[in-house]
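Across the two complexes that follow, chain A remains constant while its partner is chain B and subsequently chain C.
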Partner chain A sequence: MAKALAATPGAQGKNPRMMFYVDVARCIECGGCEVGCKNENEVPFGIQRIRVLTVNEGQTGETNVPVPCMHCSNAPCVGVCPVDALFTRADGIVHVNKETCIGCGYCLYACPFGAPQFPTNALFGSRGVMDKCTYCAGGPVEAFSAKEHTIYGSNRVAEGKLPMCASICATKALVAGDAEEVEKVMKQRVAARGYGQSNWGWQTAYQRA
Partner chain B sequence: MTIRLRNNSRRRNVSFLARMLTLLTVFILLANIGFLLADVTLPDSEVGLRQMNQHRQILPATQYFLSMRDSRMIPTFGIAMIVFVAISLAHFFTFGPKDMSTADEKDLIPWWTLTERILHWVVAVAFVILGVSGLWITYGRTLGGGGGALVLRMAHEYAGLIFTPALLIMIAIWLRNAMFRAYDMEWMKHLGGYVGYKGKIVSGKFNAGQKFWYWVMTVCGVILMLTGLAVYLNWGDVTDARVFMVIHLYAAMPILLMFLVHLYMSTLGTKGTLMSMFHGRFSKTAAGKFHSDAANLKA
Partner chain C sequence: MTNSMNDIRNAKSVLIVGENVCTSHPIAMQHILHAKEINKAPVIVVDPRFSKTAALGTQHVGLRQGTDVAFIYGLVNVILENGWEDKKMLAERTYGIEALQEELKKYDLDTVQNVTGVPKETIRQVAKTIADGRPGTVIWAMGGTQHSHGTGVVRTFCILQLVLGNMGRSGGGTNVFRGHDNVQGATDLGLTSDSLPGYYGVAPTAFAHWANVWGADIEWLKGRYKSEALMTKPGFTVARWYEGVLMEAKDLDQENTNLHAVVFWGHSTNSQSQMDRVKRALDKVDLIVDIDPFVSNTAVLADRKDGVYLLPAATVYEQRGSVTNSNRDVQWRNQIVKPVWESRIDLDIMMDLANRLGFGKEFTKNNKKAWSKETLNEDIAEEWSMGMRSIGMVGQTPARMKRQQEYAHLFDVDTKKAKGGPVDGESWGLPWPCWTDKHPGTPILYRADIPVAQGGMGFRARWGKEAPDGKTLLAGDTVTLPGSKTKGGYDTVKDSATDITGKVFAEALAQGLAPSGNGRARLNAFGIPDPVPTHREPIHSPRPDLITKWPTYDDVKFQYRVPTLFKSLQKPDWAAKFPVILNTGRQVELEGGGASERACSWLVELQPEMYAEIHPELAKKHSLKHGDWMWVESPEDLDDRPSRVKVKARVTLRVTPNMIYLPFHWGGSFEGKSLASKYPDGTVPFGIGESANVVTNYGYDRVTQMQETKGGLCRIVKA
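After this line comes the complex of A and B, so read on.
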């Protein structure tokens, strides 16, 4: 069954809701998030916990979208897992218990973002257990243990930091944190520059023609 | 399609064949529709993904795949399997097994060739592994995950790869024996004499029940094989994968129920027939009583 691990109290003393917000107007496809994530978590070869997707490459209106696990509120992956290996923490982060996971792939079929990924490291090159973005919050084992680092990657959230991808983002396109803080940031940005497909160019960026 | 009668004349009997195929289709459909109805009529116990997703414009295949875990279809099918086992045991303790055994060595005639026996057991072992592992994955919330279940899931994939060619060959070698004939309708009417009818019933090498099992295995087995290969080899995109998984689950239901029937019939339900699938010989007197139209008797 779902385990709700205790979360760090937020600024107003209530539980935070950790989330990602992708500001597509700012992403320049530098790939810093991909590299930062892989380095920080020592991600297995072939797994991309965060990927930058590019639409209309080379044309006017090219849009780049970094896609990690979006840690959905009513996560489809949690719903379809046949062995209940996936669960949502009290602060909204979705974790997989790699010791319960059997690698069936249902979560991959359910996820609209393609976040669950599978290494071929089981017997005879079979599909192993699922790996995905952990919000740099480790996994359902003791924080900062060697086991956690080997199996799940680093635990920055328990240190009070944000995920590596958002921290390293060159343009702060990937905004991470408590939902209320993220909302404040995005409100400021949209008020300053507007919003939408035509929202680009010198006027938008520098208020200069 | 023409039917060859015992005096070697041929005549068209399309309506009869249509009846047998209808019976088969009805069984498969009833099994699926029954479980689907359980899904939509029984109340949900909690706000599930289905209710959340009804507000959104997502594809029906995705919506159904997501809400499958909340559905009542899976527990209902589990109950159906238990009911089938209970019916089998009830039959054993009331009507009892049909005696097809013989104490006389000279009464045994060749019945199953070596190829048939080997193929049967290869398919049988692969099928049991596929069934057990598939059921473990489906009922994973009660049975649990972890290392053992991970090994079972891998076993499901390898057994599937063995099942694929073995099943196709088995379908081919038994196709002629499995065609429905006019006398199979009589067998069906009396359920082969397994529920009390004492008169003479004519069958070929396969009686109507065995033919029915053959066709459920063929149709559902090929569907399971194709959908299984499709998700294993990543045919199509993720929306296709969702559709394949749902079909895979639905095709497994009739085949598992009929397997329970076959398991009972070949072990407890008849006496002296299990060994014939090992050494290949069957009692001539029993064959004359229960499989009088078999080619082996005329050899």
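After this line comes the complex of A and C, so read on.
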């Protein structure tokens, strides 16, 4: 884990904090983020670390919302986890230790975004260990190890890259990166177009008291 | 496209008709959003269905499908009535305004409202919006073309842009989004039955030109055909090849012979209409060859045990070469991995086939290269760049394309031009016409305000100096390109399309002349059916009361070697028997025939099943709930039973209560029965489903024979 953090962009800054900007004025529901995530992290069938929701389909005001784990400040999932499997990294990324997780599902109830995913293909639909968006930053095991890849997927952050979903977003509706940079992009856009903040989820994720 | 995807960033208004950009071209949507956000450009989406693009636009105009001509003429009438037209453009650079004005008399706004279903206030407002938002772009795709009068529809888009003066300007243009990454390249290189590469046609002069390029003996070439008449007659189209198998030989226009073999190369049967008849042809034809990286619908459709050969082609990642995108950018693509297993690159398969048939060498005499697998792609690029004089696809040598790849970072996203480095001044992709290996390319067609050497040109003078009515077809005197030694318009430069030495181009450019001339855009395209486009009801019209006033064409005895029916099929009672409008199109997860995407688990997880979009009211009428099975039945009747597909109801407000929408990428299931057992072991796609094109209706464009898949009827029955 230490190895992974050392290479994290922004981790050296004064106030390192990785975040997502979900620009709902730009999302076209192409699903590129969903497919890119699946392919990059080899996410099993039935688990979606990011999904695009469409509200008011077919009506004026139809809006598409890509929903990853927002990696909240003071993340409520971390607060409710009875076994401390969930934790926040120094760069703001919220990770789950899948070797500690007992699959109780408290985090799902606490999460305002419905990010935690549970495989339900076991007998009697019992819940497996929680899986969620890792911000393409692997997990709390040795970076780039086979174990990390099997349990958590890819570790692009340790390679100095941004999450796959945001990297391939066709309309740049999903922006990832260091908080300062992301905020700059958001402010530029809103100022230029002069309508709607459209930084969906920020209040909930990053401005929690 | 006359302009480029990137150039949409410079538009002050965006009119999208019959194209769902978010679904069909998601990457291009960034440029439209840029125009919307930065230029404050209104984005008007004209579509019978409230598409995802409509949701992202600033306004949705829901018109009845197949009434685009009437709608656009409504706009043109409002523009002319208010004097908003570009008078200079019309006077100096177009031909045929009188004929257009005569036709326009039929389209008063009450009539247009009645035909299209769009309120006349909306038509007035849209006309004002695009007149105020100049330069403005017009974007379309298959929603514009897949009609029995699709050529007319497309031409009205051009007329609108000429009237507004949006042609030859950055931010304007007529911009069709092509359906695959290299469709433009395929068209340019002559993968149509009526032309050799470069739109030369199939006349004896066209063969002479290409024989000259290849170094082939023209007499030998003629000897390969049954007759010179057949050699120079347009062949079957992909839309109707099967009639060459099914019809009696005497009823075809090819010297009493049927088709005996069919080769599908990277194409799927399920994107073509009349699949019921296609299946019959596949059952009957002697030989089927399917060349594809994946097992397509074609491979499993036929009920037969032999005579089907699947040749594994390499995917795009396993081969390199040039591809031409919608805006004529010719780009080099690299090989990322060597072909896996026994798959082979397309050109290798083709060369091997030509050699084994014994004529490979005849076509390569002028190119002294080794023609080995290693250099094949470069050699072929050099060959076409020698011959494609007609459209100026000449300066895109492999070396230049590769150099652009290397210096991609120097190109500007708004202008596509490079600043600095060895590519300084070049346009990304060297969009044709790129007259010489020094020319920067022409990202915007018909710009008269810059020299030819920098990408300027007039409208092409392809139709001679004079129209049949004696009026000039050459541009007016004020349309003189900077640096041109000739004032005003001029004819095409003599021998420019056939001189393969490059001398003629070089001399023309030295004089500041575009080899394609400086002519006028024709509002009246004499020589084709409907020289001035006119609205015609779809063959299967939901408005029988309009058929008398707006009838379709007379039947055509032979079109691309087969009889094509129009009027005799346009029956007023279709609408009563088949009361639901059938619309088809794309879904974002899949593409074309869907063979590769439906074999990808990630994509199938997002869209596991074929469906029909249906409005809650219509669903209620048929006691259908979201997810219920339903039959869609079409007017196509073989053996006294309608062609039909079994699909799931997807209840949504996207569609109006009088229509349903089917995505067309599905295959592997036919009229309710799975074809999974017919796939070779281990190749059944994760997602199989019914093909929409089993139920799309008969109907073909009068000029191109494009299928009328955006103008049909159906009825629905709960399954």
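The rule is short, and it goes like this: the second predicted complex is superposed on the first by the 178 of 209 C-alpha atoms of A that agree within 3 Å, B and C clash if a C-alpha of one lies under 4 Å from a C-alpha of the other, contacts with A are read in each partner's own complex, and residues count from 1 in each chain.
In this text, contacts are C-beta pairs under 8 Å (C-beta built on N, C-alpha and C of every residue); 3 or more make two chains touch, one makes a residue touch a chain.
All values derive from a computational prediction rather than experimental measurement.
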item	value
Joint occupancy of chain A by chain B and chain C, clash or fit	fit
First, second, both or neither for A:58, with chain B first and chain C second	second
Which of chain B and chain C A:22 touches, first, second, both or neither	neither
Contacts of A:172 with chain B and chain C, given as first, second, both or neither	second
Touched partner set for A:192, first chain B, second chain C, both or neither	second
Partner chain(s) touched by A:151 [first = chain B, second = chain C, both, neither]	neither
First (chain B), second (chain C), both or neither touched by A:35	second
Partner chain(s) touched by A:106 [first = chain B, second = chain C, both, neither]	first
After fitting on chain A: smallest Cα gap, chain B-chain C, Å	21
Set of chain A residues, in rising order, touched by both chain B and chain C	none
For the chain C and chain A complex, residues of the former touching the latter	22-23, 26-27, 29-30, 33, 36-38, 50, 52-53, 55-56, 60, 588-589, 601-603, 605-606, 652-655
Residues of chain A touching chain B in the complex	74, 76, 79-85, 99-106, 108-110, 114, 122-123, 126-127, 129
Complex contacts: residues of chain B adjacent to chain A	48-49, 52, 62, 65-70, 137-141, 144-147, 149-154, 157, 231, 238, 241-242, 245
Complex contacts: residues of chain A adjacent to chain C	25-26, 28-32, 34-35, 38-39, 45-46, 57-60, 62-64, 170-172, 189, 192-193
